[in-house]
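Next come two complexes built around subunit A: one with subunit B, the other with subunit C.
Now for the complex of A and B:
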């Protein structure tokens, strides 16, 4: 498959008083055209940090240490801010985590979408823009008349639909959806996910879904990447990873999640807390919590092993990991 | 919107009545009878004293006096000033209120614009060089002992540099020697009307321009109106009041130093407040959205961050106004600016009760109107309140 986005050895640190927070460490993955990739992991494992690195909207104390982010042939990492600005939204757009507050309360929703289009397509006339916004609104299931309303006149779900419309407005090559539905109630969450999935397939969008919720990721993505403590520990087709995770962390994460589809699983405990990324454990970062850990895990970092075609895992003892539901506690 | 303004106006009138009542009784509670004050004053004959007593309603019980005073007040009869006898209090106020209004409006405007812009930049450039110096300057202006500061300003700009006159409303010699058919108030009232007309036109153009469908046409309209208004201003004065122009300029020249000095009272506070509010706003999700959309930094800063930072700052405008009114009294005294503040001080110190109450009342009216204007402004700025929120 042709890749629209290739991320190689991406490493990003935050500098704080106490030292360096290694939020993203040597993360590599690729996104095919029209593909939906899911990134999953516990809170604080660096998912948002990856997303923000991709669009290069990092906090003042953050720095990309190494790696490349090649979007349709252009490496974004060395770009100066002014160049990067022209790529944002036009080439890579975002549906933010907690996007409920993503609207500026003092401007009409339509105007805020138009503002993005005006920046990247200065020749577009106002009536063309309105037509495009109306079309996007219909696509995401909103009444086009709503474009002349203010954000506070929208319900939570409507706001999120409008955010999706805005993310689509400049025809980006890649969309990142960071917890796109987390702030919504379950029913709305489900509706919006289904629609997003439908739109993605209709338009052939390339999208990266990010969530701590395995069920969400399983429902919408073609491939799934599991992150732990700033590392990508497993990456493979959803159809393979979801029923048969190879990494102990992925295994425990999936096992502790009630299954959406498929047989009921026995709930296995995922004990302890993710490590503080200021001082991550040596060797495999998961070893203090890992029931499969051996001596080597505490000292040496596990390399990636290709367990199947396009299915990689970073674990010394991946062969020990049983099929889901077989773990005896 | 109209309903809101109506409700607020009624509220303000009630507040005003309470204020006036309190002022009335507080001044009545001062020791000594007012008429005693004038026993030794040869200018005031017993008949006049009787007249005062009636005018102020000094006959009858306190309650009857109060009711009479209020009745008179709302029919525009504020009595006769003792200290500037036999001028009517109403006439004195009509003469001095515009001068205070001008000082107050210009200083507020200047302080707000400069305070807001510098606060905005300060927050935007946080952590860069110069931030601490400017912040400390703001704290200095907010906490400085104001009368001392006013004197220092006069010393620097009037005596040391000699750029501006040290005080007063106009150059006395110039006015005395010139052949003219008008007095200073006539000129000044026309100046104030001009400024208000210009302000109304520019604000109206801003509102209409922003409502326009096309942003480009909107901007053109706004700038066009600004330029035309300025041309119209010059043409009008040249055509209609040409003989007043040099005198108007003389007054304007005298207005500069007190205005700038007074504006420093509000400036520090508004700058620090804007900075805090802007820092808060910069953490909002929609700022991230704006940046993610690839908007230029200036657009993110001005159209998204500063526009929202303006909301809490506007709310607190009212508090700033209170400081400015206090500062206004000091400024007028230090600069010998013959406005309401100076009038109030001299009236109070001479136990000129009708003028004191009158001056208090109109300063209160000024404050309440300013309050109402701020409320309306806030409604205009925040769609959550404007659009049936």
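Now for the complex of A and C:
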């Protein structure tokens, strides 16, 4: 598959008064054209930091230390803010976590989307903009007449649809969806995920989904990347990783996810807490909590092993990890 | 699974809720009297036997939290009654006076959703957990310290002495929720209302908190009303599940029966909307129209009628269906589901 986005050795640290927080460390992955990639992990694992690095919206104390982010042939890392601005939203856009609550209450939703579009389409007339917004609204399942309404007239699900419309407004090549349905009820979540999937297929959009919810990622992603403590520990096709995760953390994460389907199984708790990334453990960052850890794990960082075609894992003892199996017999 | 009785007409219930109602006025201007009401909880009845956990599941705004707050007397019902077993008698909790309240609090506790907001930032972990002991006048300082240390061990915050004199901001979310659980359990309650106690936590920490609560149920016979929007979590935690929609219980059954054989159209929709952590599983389509509304002065017909894919004229023109036992222990409030047994 042709790659629209290639991330190589991305390393991003935050400087705080106690030192450096190693939030993203040597993360590499590629996104195929029209592909949906899911990044999953728990709070603080660096998944949102990866996203913020990709779209280059970093806090003042954050810095990309090394690595490249090649979007359709252009490396975004060395670009200065002015140059980056021509790519942001137009080539790579993002649906932020909780953005549906960030609409300005005193402006009409359509006007707010138009404002966002004006940077990239300064010559667009009002009627052209209205036409484009109407088209976007239809795409995300909103009545175009809603563009002249205010945010409070939208339900939570509708506000999130409008956010997705805004992210699509400049025809980006890549969309990052950070927890796009986290605050929504399950029936609305189902509608939004279906809508996103439909849009992705219709427009051939390349999407990076970011979520803590492995069940959501299982539904929407072609491939899944599992992050732990700033590292990408496993990456592979969703259909392979789910029944057979190879990294102990990925295994425990999946095994501790309750499900309404399949046998009522005892869930495996994960002991301990994620490490403080000011002083991450030596060797494998997961080794203090890992039931499969051996001596080497405490000293040497595990390299990536390709366990199957396109399925890589960073673990010394990946062969020890048992099969999880499917929920549906 | 234990083979305890699963009838709502449980022989010796610990908690019995009868026709509970809570209306909230919709304010229409500063000096005008409210003439419209949100029917947050409308004619809800259920029983919980000792040692059982009942899951109360539904979307936001369905009235599950309001029900929990009324059960712990943090809110007053507009109508209806709640009884709590007191020896051989059932005590109406509305009749509890100030002195009785202290005894009630000793038996009934609540765990809140947000471990970040339900704790006083200026009090140490010891003070937070020991507060109910202090209010109840149980023990003196050395005994309280011993009891708090015991609880900290129980919820896995070890070694206990290193946690006792820390402040909430020094703990992670999972640790704080453990403190909240320790505080609720420090006085050995018999009944705990847990309102989404794990929804803000990461999945790996969530399991250890849920396991902790299950162990307490097994060891000390604590009963829970477990309020959650997540059917998968309810499946893990609860013996029975009640599904709420706009203030009404629409279905109530033993957990596996409810998930394996859902009868009410809303339960079916809710169940088929839950993502499954297995990409090979293809969910059935969610057959439901529109979005959830608010129950402001709802007409007396079935609340689900506008969104129900199978609704008939009978549903539109007749009074809301009562929650009826359709097969042994399986209660459904729907005109379209026939009595099976």
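Going forward, the second predicted complex is superposed on the first by the 316 of 329 C-alpha atoms of A that agree within 3 Å, B and C clash if a C-alpha of one lies under 4 Å from a C-alpha of the other, contacts with A are read in each partner's own complex, and residues count from 1 in each chain.
By definition in this document, a residue touches a chain if its C-beta (ideal position, glycine included) is under 8 Å from a C-beta of that chain, and two chains touch if they have at least 3 such contacts.
Given the structure is predicted, the values throughout are model-derived calculations rather than measurements.
Participant: Do subunit B and subunit C fit side by side on subunit A in the superposed arrangement, or is it a clash?
Facilitator: fit
Participant: Is A:80 touching anything from subunit B or subunit C once the two structures are fitted on A? First, second, both or neither.
Facilitator: neither
Participant: More residues of subunit A in touch with subunit C or with subunit B?
Facilitator: C
Participant: Pick one for A:123: touches subunit B only (first), subunit C only (second), both, or neither.
Facilitator: Once the two structures are laid over each other on A, A:123 reaches no partner at all.
Participant: Specify the angle subtended at the CA centre of subunit A by the CA centres of subunit B and subunit C, expressed in degrees to the nearest 10.
Facilitator: 80
Participant: A:188 in the overlay: touching subunit B, subunit C, both, or neither? Say first, second, both or neither.
Facilitator: second
Participant: Can A:57 be said to touch subunit B (first), subunit C (second), both, or neither?
Facilitator: Only subunit B is touched by A:57; subunit C is not.
Participant: Output check: A:218 vs subunit B and subunit C. Expected answer is one of first, second, both, neither. What do you get?
Facilitator: Second partner only.
Participant: Between subunit B and subunit C, what minimal C-alpha to C-alpha distance in angstrom results from the superposition?
Facilitator: 11
Participant: Indicate the residue numbers of subunit A shared between its subunit B interface and its subunit C interface, in ascending order.
Facilitator: none
Participant: List the residues on subunit C that touch subunit A in their complex, please.
Facilitator: For subunit C paired with subunit A, touching residues are 59-60, 172-174, 202-208, 210-211, 229-233, 235-236, 256, 259, 269-271, 273-281, 286, 288, 291-292.
Participant: For a test of understanding, state which residues of subunit A touch subunit B in their complex under the given definition.
Facilitator: By the definition above, subunit A touches subunit B via 55, 57, 60, 85-90, 93-94, 96, 98-106, 115-116, 119-120, 126, 150, 152-153, 166.
Participant: In the complex, go through subunit A and note every residue touching subunit C.
Facilitator: Touch list, subunit A to subunit C: 42-43, 155, 157, 185-191, 193, 212-216, 218-219, 238-239, 242-243, 252-254, 256-262, 264, 267-271, 273, 326-328.
Participant: Spell out the residues on subunit B that touch subunit A in their complex, using ranges where they run on.
Facilitator: Spelled out, the residues of subunit B in touch with subunit A are 127, 213-215, 284-286, 288-296, 299, 304, 307-308, 311, 381-384, 387, 389.
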